[in-house]
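Structures follow.
Next come two complexes, and both contain chain A; in the first it sits with chain B, in the second with chain C.
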Partner chain A sequence: MRRSASILVCLACIAAFAPGLDAYLKLGTRVSGRTVSLEWKQFPIRYFVMNRGVPGVTPNQFLNTIIHAFSVWESVEGVSLSSQFAGFTSAAPLDDDSVSVVGFVNRPDLDRVLGSTSFTIDVVTGEVVESDIFFNANFQWSLADTGEADRFDLESIALHEIGHLHGLGHSALGETELRAGGRRVLSAEAVMFPIAFSAGTTLGRTLRADDIAGIRDLYATDAFRQTTGSISGRVTKNGVGVAGAHVVAFNPANGKLVGGFTLSDDGSFVIAGLDPGPQVLRAEPLDDADIDSFFDPSLNVDVNFKPAFSTRLVVVPRGGTARNVEINVVAK
Partner chain B sequence: MSRQAIAICVAVLAGPSVAQAQFIGRGLPHAGTFEISGGGLWTGSASFATVLANETRNPTTGSQPLTLFQGEPRLDPSAGAEAHLGLYFGRRVSIEGGLQFSRPSLTVRTSSDFEGAPDTTAASPIAQYIVDGSLLYHFGAGRVVPFASMGAGYFRQVLENNSIVETGDEIHGGAGLKYWFGSRRRSGIRAEARASGRRGGVSLDGSTKRRFVPTVSAGLAYLF
Partner chain C sequence: MRRIALSVVLLFVTMPLHATVLLPIEFRELVTTAPVIVHGQVVDVRSEWVDGRRAVETFVTVEAAEYLKGNLGESFVFKVPGGQIGRYRTVFVGAPAFQTGDEVVLFLKTDGPSFPFLVGLSQGVFRIVTDTQSGRRVVTPPALVGVNSADAVRVVRGNPARRPVAIDVFRDAVHRALSEEPVVRRVLREGAMR
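== the complex of A and B ==
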């Protein structure tokens, strides 16, 4: 059977999305009864690379790809991030050894998973102390600049997994369709979309506005935060909050799309890292099949509503928050 | 006798006209006369290009971006107020400075949603101030005085909750009428239509090109 594009890029990161997290789509965890974003406090992030290649990818090529993928995230304007290659290792990723390892592992049992990221967290501070990334050697990988037929682009998938390593969750900025053999991506506007483009393309090598807003939300310098803004509000149905709604901010001046979610039963959301200026807001339910790749099962996700726009053209202030935006939706 | 009567009658009838002409000749406006005016203003809409909320297409499903929805942005028509202070350099030529205020709404009409969201108009009111200068040429000096104007200005748009201020420049040209009341013709009404070309300010399509909007104003004027 041909391995179609309906393969999950990321299995599920160790921490689920936390109810009440008032920010962009970030990973979170509970520490001392409160929710904290999953993020690194110590820089540079030191990582080892497994000294194992796969057909078409030597260990050194793999290393160069990983270094480049880190650098793409670190080059986002306004963020303060750094990483450091600590050396090759024979240790496998996914071991709980306080060492971050990136490498290939052959997992034929995970026949729909291209890669996965895991975390070890200090349960007192919430700080990430280890994060491992594995790429499934059961797939065919490519390093070609323009992609290779039937091979997945390693750089694209590395960029996605390193986004997780930095603390980003999945984005829902994309459309899929159900077809025989699984779900296929029609389009995506985020590297952090959970399902990869088809094999053979390198379109996943470019960070989109949604990815950039997310990484800035976590690691922007204080000075840079003063140049962006955020939107907070609620999605309601018959006056009651809607949990798990996907809310998209569209900037008509530059076409940027940035998404967020309502992460609690009162339907509240915050989308941060936005360019100042007018934004159109749209709320939609998640596709049923996608819920597990976004939310903890404890969140009472509501998918029974029709997509709708806000009647307010929301003006994002520079360095501030546009508040009390309400998007009213109706049941399907 | 009758010829004399006719002559007096002509003189009486003609007298006011002569007197009037003499009054205008000495009267307002003349070089150094000021004119103050103010009244209501209507500004037409400014349209922007249609904008598309596009997502990158998976190459195996097509080559064009997938459009999640499209938007038609514009700055809605609005009513407002204006005031001018002018200075005549003669009966025909004057310069003036003006101030306009209006509260139009920025709107984006969304449609063609990929998942069927109903068409919606999202709106946000703004406050718009224009400070301008104009050169006016008046055609004639009677009770009804047509005029043409041209000039340039600076505008300032204050968005929702004073959160953002955008500025730009404008040029304008137009024509109007002044109608003066009474024998002294100090007070009157003034109406004007302009085409105002504005560059800068808030952009809802990323374009920086100059946009032309019609404006119509009417109000009272006073010479001193």
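== the complex of A and C ==
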């Protein structure tokens, strides 16, 4: 009950690395003056795994965890994705060598980063040349089914990073608290929430509605897209568009939360991959997070407003879009 | 059904405010951890091959307006992962990007002879921007908790008490954190990014 309450209080939001008009839940990059989604065009995605373990994790155990995490994303209904382990390597992730590598690295300059994903992109064609995932060897890692005290769950973090590798940005669908010693995640309604659960838990091993909507937005088959719908609209303050607002779609029929962001100065947003039917929309400022982990600095993010709801229930059509939804907010 | 009803109610409930907040724990840790805290302006951004052309990093030159802690000189260079050389761009998801002209407060660390780097990557950057309504230069303050509070404080988005503030107010918060007794920290246990 308490967990349900915590989870449901959190309201969704999605991030994009670079702003774009329809950059819902997706990483984007500038190619020839326009924003394009970072996504893979050729399958299977081939990756190498570094032949180095850390205390508690052998290279083979690491490999099995990575293979499993890829399979979780690939098993989402309606999605066409595949990957292939290409072999062990001594090459390190984060090297620009045109080869995608997953592995443990010791990086003192990334002192509070559990793991991270990098891309090398051809900015002329928009092609992803490689994508590496690094796990910070300075942390203690666990493979245990129920977690281990003071160790971070490798499977949870792998699932998050492989979400990035597929082209998903950070989600803001999470709730945190501050206490002596730091900030703690109370609940997260997205694997792609950027702050990890505390060490010792395995709560991040299951994809949520927000993650599933995101991966479907990128890789769903055309047939499956006809079974979902989307919402488009604007968030405004005094008649002017609000950039960087977090917009959450709540489905009262099944309790699912899926989020998006306004990613341009006119305050427009698109949330795709939604179940058809009524949705309640809420806009809120991302004023509790380091927005650099969500947005490109060229976006003039406004966090000075109070949360607000759409004035009407929005009905998402199957295979279509509910358009012109407007949420008006006021300054704090 | 009960869960659905509850969720609808919670969606519309305004979260209670925690008005006794003074200084943030997380912010205090940033302040105590960073040897250098500086307010300045980005004057140059360039990407270069490093580590024997195996990786790309971006080197950001900052003209310091004021040091709140430590000193790296009138201008200095710090590094962030990723960058663009020619037609290839390396994007490090979650890492901050900078442009010439950005006004920032940076929390920096150094590691031997290497270039300084941000504490906690994007957590070590506070951007000073123009408020769309007032036209003032403001910075979004960190989430706050009482200095000696033993109670956890839930972070609520849209909390009216947490408005963008002028750099003077932000500077005062840093100075207050610096003047406090050292805080025992549980380093790298919670709040880790990914």
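As a convention for this text, the second predicted complex is superposed on the first by the 305 of 332 C-alpha atoms of A that agree within 3 Å, B and C clash if a C-alpha of one lies under 4 Å from a C-alpha of the other, contacts with A are read in each partner's own complex, and residues count from 1 in each chain.
The working rule: a residue touches a chain if its C-beta (ideal position, glycine included) is under 8 Å from a C-beta of that chain, and two chains touch if they have at least 3 such contacts.
Everything quoted here is computed from the prediction, not taken from an experiment.
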| task | May I ask you to decide whether A:255 touches chain B, chain C, both, or neither, giving the answer as first, second, both or neither? | result | both
| Between chain B (first) and chain C (second), which does A:89 come into contact with in this model arrangement: first, second, both, or neither? | neither
| For A:173, is the partner it touches chain B (first), chain C (second), both, or none of the two (neither)? | first
| request: Would you check which partner chain A:307 touches, where first means chain B only, second means chain C only, and both and neither mean what they say? | output: both
| query | Touch check for A:331: first (chain B), second (chain C), both, or neither? | reply | second
| query | Looking at the overlay, does A:108 come into contact with chain B only (first), chain C only (second), both, or neither? | reply | second
| request: See if chain A has more residues touched by chain B or by chain C, and give me that chain. | output: C
| Taking the superposition as given, does A:315 touch the first partner, chain B, the second, chain C, both, or neither? | first
| task | For A:123, select first, second, both or neither according to whether it touches chain B, chain C, the two together, or no partner. | result | second
| query | Counting only touches as set out at the top, which of chain B and chain C does A:157 meet: first, second, both, neither? | reply | second
| note | The intersection of the chain A residues contacting chain B with those contacting chain C is 5, 175, 184, 186, 198, 250, 252-255, 280, 282, 284, 306-307, 309
| Tell me, which parts of chain C touch chain A in their complex? | 3-4, 6-8, 10-12, 15, 24-26, 29, 51, 53-56, 79, 81-82, 84, 87-99, 102, 109, 111, 114, 117, 119-123, 125, 127, 129, 131-133, 140, 143-145, 149-160, 162-164, 183-186, 188-194
| request: Using the touch rule from the top, collect the residues of chain A that touch chain C in their complex. | output: 4-5, 8-9, 11, 17, 27, 29, 38, 94-97, 108-124, 129, 138-139, 150, 152, 157, 160-161, 164, 169-170, 175-184, 186, 194-196, 198-199, 237-238, 240, 246, 250, 252-255, 280, 282, 284-288, 290-293, 296-298, 300-307, 309, 331-332
| task | Give every residue of chain A touching chain B within the complex, in rising order. | result | 5, 173-175, 184-189, 197-198, 200-201, 203, 208, 248, 250, 252-255, 257, 276-278, 280-282, 284, 306-318, 320, 322
| In their complex, what parts of chain B are in touch with chain A? | 48, 51-62, 65-66, 68-69, 71, 73, 106-108, 110, 113-118, 120-124, 159-161, 163-164, 202-206
